[in-house]
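One structure, as structure tokens, below. Some questions next.
A, B and C label the chains in the order they appear, each numbered from 1.
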Amino acid sequence: MLKPVNQKAWWLVLPVIICVAFSAILPLMTVVNYSVQDIISPERRVFVGTEWFVSVLRDEDLHAAMLRQLAYSFAVLAIEVPLGIALALAMPADGWRASATLVLVALSLLIPWNVVGTIWQIFGRSDIGLLGAALLAIGLDYSYTGNSTHAWLTVLAMDVWHWTPLVALLCYAGLRAIPEAFYQAARIDGASRLAVFRYIQLPKLRGVLMIAVLLRFMDSFMIYTEPFVLTGGGPGNATTFLSQYLTQKAVGQFDLGPAAAFSLIYFLIILLFCFVLYNWMQRVGTASAPATGDRGSA
Amino acid sequence: MARIQLDIAHSYRANPQQEADYALLPLRQTFEDGGAYALLGPSGCGKTTMLNIISGLVNPSQGTVRFDERDVTQLAPQQRNIAQVFQFPVVYDTMTVAQNLAFPLRNRGMNEAGVRARVSVIAEMLDLSGQLDQRAAGLSADQKQKISLGRGLVREDVGAVLFDEPLTVIDPHLKWQLRRKLKEIHRELRLTLIYVTHDQVEALTFADSVLVMARGRVVQSGSPSDLFERPAHRFVGHFIGSPGMNFVPIQLLKSTSGARVQGGAAVATIVPSQTMTLGIRPEYLRLGPIDEPGVLRARISRIQDLGSSWLLSARVDSQPAGGEECLLRVRLERSSAVPAEDEVVGLRILGPHTCFYDAQDQRIAPDQEGAARC
Amino acid sequence: MKEARWRNVFLTIYLIFALLPIYWMVNMSFRTNDDILSSFSFFPKQLTWANYAVIFTDPAWYSGYINSLIYVAINMVISVTVALPAAYAFSRYRFLGDRHVFFWLLTNRMTPPAIFLLPFFQLYSTVGLMDTHLAVALAHLVFNVPLAVWILEGFMSGIPREIDETAYIDGYTFPRFFLTIFLPLIKAGIGVTAFFCFMFSWVELLLARTLTSVDAKPIVATMTRTVSASGMDWAVLAAAGVLTIVPGAIVIWFVRHYIAKGFAMGRV
């Protein structure tokens, strides 16, 4: 199913480019500009080239924060994607139950992120929070402020609670887009429930899953507010992820040059990972037997 | 190989009160073993509902479905030995053509050697042998429909194949190829085939027996020529044919017990009912001398060149009592003499192919009190 | 069916998990600060409406909601409207640079908002749009438009091109085809896109706070100011949090039919 070439399609894309470009290109130029200068004062700027970039990349603490971040993002994806798919499959497809479930599932997405952190702060305390008190009652010595592992798990639980509905909603919409005829044909073919999932639902969810995985990856990679409010990065720097680390450095130094350099490096790292992930997912989708012109999207 | 008997009614609502609540009004229908049937009708007439009841995707709210005398009403589709082809191709994208065709067999636990043999037989029949190792996702729509069909045929115990408007997304120039392929398969395998469509050309060329449906009932069932020559209901006359039948309202003359046809020409037959309609197909309407009995005066309003024939539109000259203007269509062979536009001609409406319809739009049977027509 | 029962059990367990922290927030919203910090109680022992009263009577609070609603609505409408034709183009045609433009759009979504902070500040100051709803609405286009294009393109690509072609053969003009045939088929995608645009714009803090001061101050900014001399005002914050959920819940209620109906192929 080859797409025809049509240069006039540019007209359809133009509004989008206008909206995004004036927002994106100018700022980016500005940031690049700052990142290669030492701005001692508005009048005195010295061109320092790649000095900031080098010092940032050599920073050992940065490497540690990066590893923590990668572990976190990986854990987030490993839990939220299967859970989201399972949730989408479990949600009713029609009737008042569908509407009610949709609203209930979507609630956690709507809470401002600092409030999310705040709620879990209280929620997790053994003295006044439901979660803390419950764990204490079972006999667990739970403390997200004192114990690194507990802090990690709490931050993870908070993220899963907060963001799984995103995956679930995307998959749910994707499932609704599968025509009934496919399920009917599968029944006639005598397919088992597992076969229906494997050969009909999962392939048709490929598009939305790619969106969900990339979105969750980049958002978890940039995560700042929620863990910051909940644990402040601690205990120690156990839950200090990349964005918090870079912000600490930038705010601490109060210097536009290094701050801009940090921002750019951060952006480039995400860009690199997403680029790789994106292409890998495209290839996986169109791989296996000799394809005859089947293209993924874009 | 299955003889299907329906004795059902169906409503999608829980408590149907009136006729309008029923998708299928109570009916009895038999599909003979090995026959090729078409369910023809406009959208919403209930043909897809009937198909789904036969296949088991829908349970009729009343009545029973029998396959070869066996009551299958409560059985699921996979237990009825049927196959269904849908409006758009349903294939498993991630599998190859061969894997697609093998899927139903593998689900039933057939051994590998048997599966491979059967798949190659069916692929051969459908001209898919060359694509067996290609991924199904990359094929064209008509090839995908063949795969859908193949998945149905691959099971040797299949008794009936049901089609739900299968040519909808196929390119026009490929439609006839697929239709021909279906007829070939029918001849070879002698399965019962039931084909739902709203396209009369498809129905009339594919089926041995066509069921015309409207608003939940089967209005007429019979061979294509039956439907064309002797439509049992005004609806059938109107729906079949391109363009459909011409209808002329007529009145009964009281004293002479004949019928006056609008326009004044008296008719030398005795027809018993009060308000009636006369029907004649454009293909059978002929030009004739004006003022002869059985010929109507009309003025040509439009002449269309259809390539293989001419299509004339004519307005009947004189006004009926309180009726609307009557527009008749005439189809003439390419070789005939064609009148000019705006010319007044005579149209012979009485002939061996004329049919009469009563006030309920049912056809009046020929031998009533000496009427020697139809 | 055994399978249906497992699904319901799983769904119930998840919903309990999902709603417990929210219940806790509701719980907190009906108590005083002292009460929250001193004792643990599953149900508020002394119910108080004082926190909600604060929000409904103090203009600093309720204007925050109104401001947020305004710029989020503007942004949602622009994002979806502009994204629809672009998504169609990406889905149906190939053109010069299409894959690169698409990926460039994605990069805007994956950019940390912090990058845009200073430049946006300078830009909007210069054109005199500081502290307006429009500024925030436009600024949020940076991440919402790419997301909208991305999701819509995915759903559009799921519709076979034969439908477009059949419509043209039947004599539809492009606008009529797009509005009466195509859009209904991708209802689920539109519903989900609209909701996500709403959501991401509603919760965005950095840009919204930087570009506004008084007139257009959003609720998210107001909620970060709940620290006073006596410490954090948990109770009012909780009440505000509960109220924040309401607009979003209404949005998803409105689009529920879009998301849940899905692919109604009908007779083409």
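One rule holds for everything that comes next: contacts are C-beta pairs under 8 Å (C-beta built on N, C-alpha and C of every residue); 3 or more make two chains touch, one makes a residue touch a chain.
Given the structure is predicted, the values throughout are model-derived calculations rather than measurements.
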item	value
Touch-based graph of the chains, sorted into line, ring, star, complete or other	complete
Contact-richer chain pair [A-C vs B-C]	A-C
Centroid spacing, where centroids are CA-atom means, of subunit A and subunit B in whole angstrom	55
Separation of mean Cα positions, subunit C and subunit A [Å, integer]	15
Separation of subunit B from subunit C, taking each centre as the mean of its C-alpha atoms, in whole Å	51
Residues within subunit B bordering two or more other chains	87-88
In subunit A, residues with contacts to at least two other chains	1, 179, 181, 204
Residues of subunit C engaged with two or more neighbouring chains	265
Subunit C residues within the subunit A interface of the complex	3, 7-8, 10-11, 14-15, 17-25, 28, 36-40, 42, 78, 82-83, 85-86, 88-96, 98-99, 101-103, 105-112, 114-116, 118-120, 122-123, 138-139, 141-142, 145-147, 149-151, 153-155, 157-158, 161, 186, 188-189, 191-192, 195-196, 199, 202-203, 205, 219-220, 223-224, 232, 234, 237-238, 240-241, 244-245, 247-249, 252-253, 256, 259-263, 265
Of all residues in subunit C, those that touch subunit B in their complex	160, 162-163, 166, 265, 267-268
Subunit B contact footprint on subunit A (complex, rising order)	1, 179, 181-182, 184-185, 187-192, 195, 199-200, 203-204, 288-294
Subunit C-facing residues of subunit B, complex	43, 87-88, 141, 165, 168-169, 198
Subunit A contact footprint on subunit B (complex, rising order)	55, 57, 76-78, 82-84, 86-88, 90, 92-96, 103-104, 107-108, 133-135, 137-139, 148, 151-152
